[in-house]
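Let me give you the structure first, and then I'll get to my questions.
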Amino acid sequence: MNDATKEMEPTQKLKFYQKGTFTVGNRLVSEADRTVQASIDRSNAITCGHRGCQGCGEALGARYVVDAAMRATNNNLIVVNATGCLEVFTTPYPETSWQVAWVHSLFGNAAAVGTGVAAAMRVKGRSEVRILAQGGDGGSTDIGFGCLSGMFERNDDVLYVCYDNEGYMNTGVQRSSATPPAARTATTDAVGDEPGNVFGTGKSVPKIAMAHGIPYVAIASVADLHDLERKVTKAMGFHGARYIHVQVPCPLGWGSASHDTIRLARLAVESGVFPIFEAEYGVITGSRKIRNRVPVVEYLKLQKRYAHLFKNGDAPRLERLQKLADRNIAEFNLLAHEGNV
Amino acid sequence: MLKQVEGSISTAEAIGLCRPEVICAYPITPQTHIVEGLGRMVRTGEVKNCEFINVESEFGALSACIGSSAAGARTYTATSSQGLLFMAEAVYNASGMGLPIVMTLGTRAIGAPINIWNDHSDAMSMRDAGWLQMFAETNQESVDLHIQAFRLAEAVSMPIMVCVDGFILTHAVERVDVPTQAEVDAFLPPYDPVQVVDPKEPISIGAMVGPDAFTEVKYLQNYKLDLALKLIPELAREFKKKFDRDSGGLLRTYRTEDADMVVVAMGSVNGTIKDVIDEMRADGFSIGLVTLVSYRPFPAEELRKALSGCKQTVVVDRSFAIGMGGQLAADVDHALRNVDRAPQALSVIAGLGGRPVSRASLRGIFRKAKTEPWEGMHFLDLNQKIVATEVEHMSSKRRSGPIAENLLRRVSVAPVAE
Amino acid sequence: MLQIRIHGRGGQGVVTAAEMLSVAAFLEGKHAQAFPSFGSERTGAPVVSFCRIDDKEIRLREPIMEPDVLIIQDPTLFKVIDVFQGIKRDGYLLVNSNKTLAELGLAQVAAKLPTGHTRVVAASEIALKHIGRPLPNAVLLGAFAALSGAVRLVSVAAAIREAFSGKIAEANVAAATEAFEAVSAASVAA
């Protein structure tokens, strides 16, 4: 029924099985295969001077997403932004970083505002204009979830991108429904019988999005920006509701070094903590295989939000986290078995 | 065309004639037939070039309206009661962003206790949200106000709520003159927005504004409503010229010349009050009426003029601020502040949660206002016995929990206890 | 001003009856206002609707507390609510039943009203015959036209055709006409 066994279509035809890094420099690939960001024609939709933190995964992810969407739509793009870090750090009044038609309304309504903009474009005969709505995990999986589900269910012609940094980072690192188990946040302190976020909570919005039967759902990571661009481009090839969920590490909220953002994103993928897959019309069409599997602790130990697990040597909880990753690996068939690639 | 039709339907037809481009509303909590009517008209092609969006909530409805209006489409929605509260955050957002959305509010009470009937609690809950708010007295005025509303909202680039009494007007079948498309087109040109979100001229809308400019933004929001204060009478005059009907404007007076007592009210209750005034005038009682049409912006100056010379004002509120008093009464007091020899101000709270406002009760309270004026609120037709029993019980024992259920218990056990 | 109050049960077309009546009056150039008793009534629950007819604009918005005409679509309501509340001394009473007023226990109430102002019509039976369903609302409007003379049968028929279409409209018109003729004949006989 689902095809998680299939490897997602490769973004680069080269195979560089270098140990230690998967970063293939653009200079090594043909011009056609290079990223949008590598092009001098990139739209720079989020231009420099914004107030994002050093090492911000969301700034990076959004930059790739919006520029790729701009290219895919021949710059006929309107961006709707939910309240959150991305909105705050890009528009310190009276300045703006956005070199794209951009509108922000509220925290929980970006998907619905996107619906409205799309309707206006349709009624005005502007079929060339496409809509990108975006928000953080709080604005998407929690407070904006009703509007998001409504937009999916109506199959409105909107691409919604959720930048998932696993908590309310803009307001002081509080728990969201995307916060992983055991993670310490301001509202799930590392004290008491079950320090950090409670096991068995949270939800998979990509899976819920799939349950709406919408044309396209994808999970991506800033660890593989080439893949992220490909997914945005692919999403723009569909009409109707589309959803891309991008993991974007947050040095502030995760308590990690700003130079470790990409490293953490990659460890999340390579450990199975954050499975990368895509689906069309509710059916998984492929998953990204783990090339160099690492134990979950490698990912966890770089983040202060999990420090309590190591300080007291909390073996049972570390074991549970490893099991969750193992479950992802099994569910989405993340290991590249022979004959599967 | 003159027709005998349900208020919701004539209002829907008027909105259709205004050539809305996007209609988005949530159909419940609770709703009128307006949106259903419009949905049908879009499907049959009676309303052309219009997107009708079914949404998952009131919050989603107004949010989609915000998107379509920001993108330059003439946008319409409708709601009432709990629905307005559910979209409250977006209500403030729409006015802060200066989006000329037109909303019909089929005014109704707000729970708990749950109550689907008419009063003005919902409209009052959003009176400070920066929207223009106009109250229709009849279904004819509802039709006429909606046509004026699009002009008005688009002229000052602010959203407007046309408040139409839920059930009493929305569900009443009466004679309404629904204008022709040509007549409406001649009064209401297509929407020509100044600034929209468009890839052709990319701008950022909805940025965060800090202490350095927030006051100025709010000042200018208020200034726009001041502009509307001037525009509303002009539009009403132009409307009268084109349609030959007195609809809209800031306020209307009825037999106020030489009146000792002037009643102030909003919405459909004005009709009943006019009948009462005719009866009382026939008995030699000096009484008149000010029907307030524009509640936001509040026409303080015009109201002062209309009330100058009277000895008493009786404000009939269809809702009240708990712990404070009638909202309209407070605003009328505000208008009369610093006025020499201001009339004595009395406040009546009437028709809460659908309780009928009868001629007999109004007659009684207006007479009482003259002979035994009171301080604070007078609740029209309040069941004193039930309230007194509960108040007495509260004084002897700490009461907690839902008032309605406590009251029920009192009512049901009262005969045994007595 | 003529004020009519209609009592019935949810599903009997109580609200539609008031609306049709207002349309009939409108078609005669009169001002009319119809509105339901506002509530969330379900099928079978007691429902009230109101209609005012006048030669000048109707401004009054209170429910009809002192009706000139009472139309009772369901005779079982007498046991449930005081449908006669406020009825004027010179008022009219129209009841849907195949029993007499005496059999319904309404002899005393009827006696208070002027002679010829009370009538029982087997509206459900007439409706069954013509429409195939016991929907008494349009039938009683035909009877009302005959009893009160407030609106003409032709206007009632036109209003029925506005509310319904095709065969259903014609069946209702036929039923209303039968009731109109029955009441007219009885009045002549009286």
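Just so it is clear, A, B and C label the chains in written order, and each chain counts residues from 1 on its own.
Simple rule for what comes next: a residue touches a chain if its C-beta (ideal position, glycine included) is under 8 Å from a C-beta of that chain, and two chains touch if they have at least 3 such contacts.
None of these values were measured; they are calculated from a predicted model.
The minimum number of touch steps separating chain A from chain C is 2. With B-C and A-B as the two chain pairs, more C-beta contacts join A-B.
Closest chain to the protein centre (all Cα atoms averaged), using per-chain Cα means: B. Taking each chain's centre as the mean of its C-alpha atoms, chain A lies 66 Å from chain C.
Chain centres here are Cα averages; for chain B and chain C they lie 34 Å apart. Centroids built from CA atoms put chain B at 45 Å from chain A. Considering their complex, residues 75-78, 80-81, 87-88, 91-94, 96, 98-106, 108-109, 112-124, 129, 146-147, 149-150, 153-154 of chain A touch chain B. If you check the complex, the residues on chain B that touch chain C are 3-4, 6, 116-118, 167-168, 171-175, 268-272, 274-275, 354, 356-359.
The touching residues of chain B, counted against chain A in their complex, run 21-22, 24, 49-51, 53-57, 59-61, 63-73, 75, 89-90, 93, 97, 197-199, 201-210, 212-213. Chain C contributes residues 18-19, 22-23, 26-27, 31-36, 38-40, 58-63, 65 to its touches with chain B in the complex.
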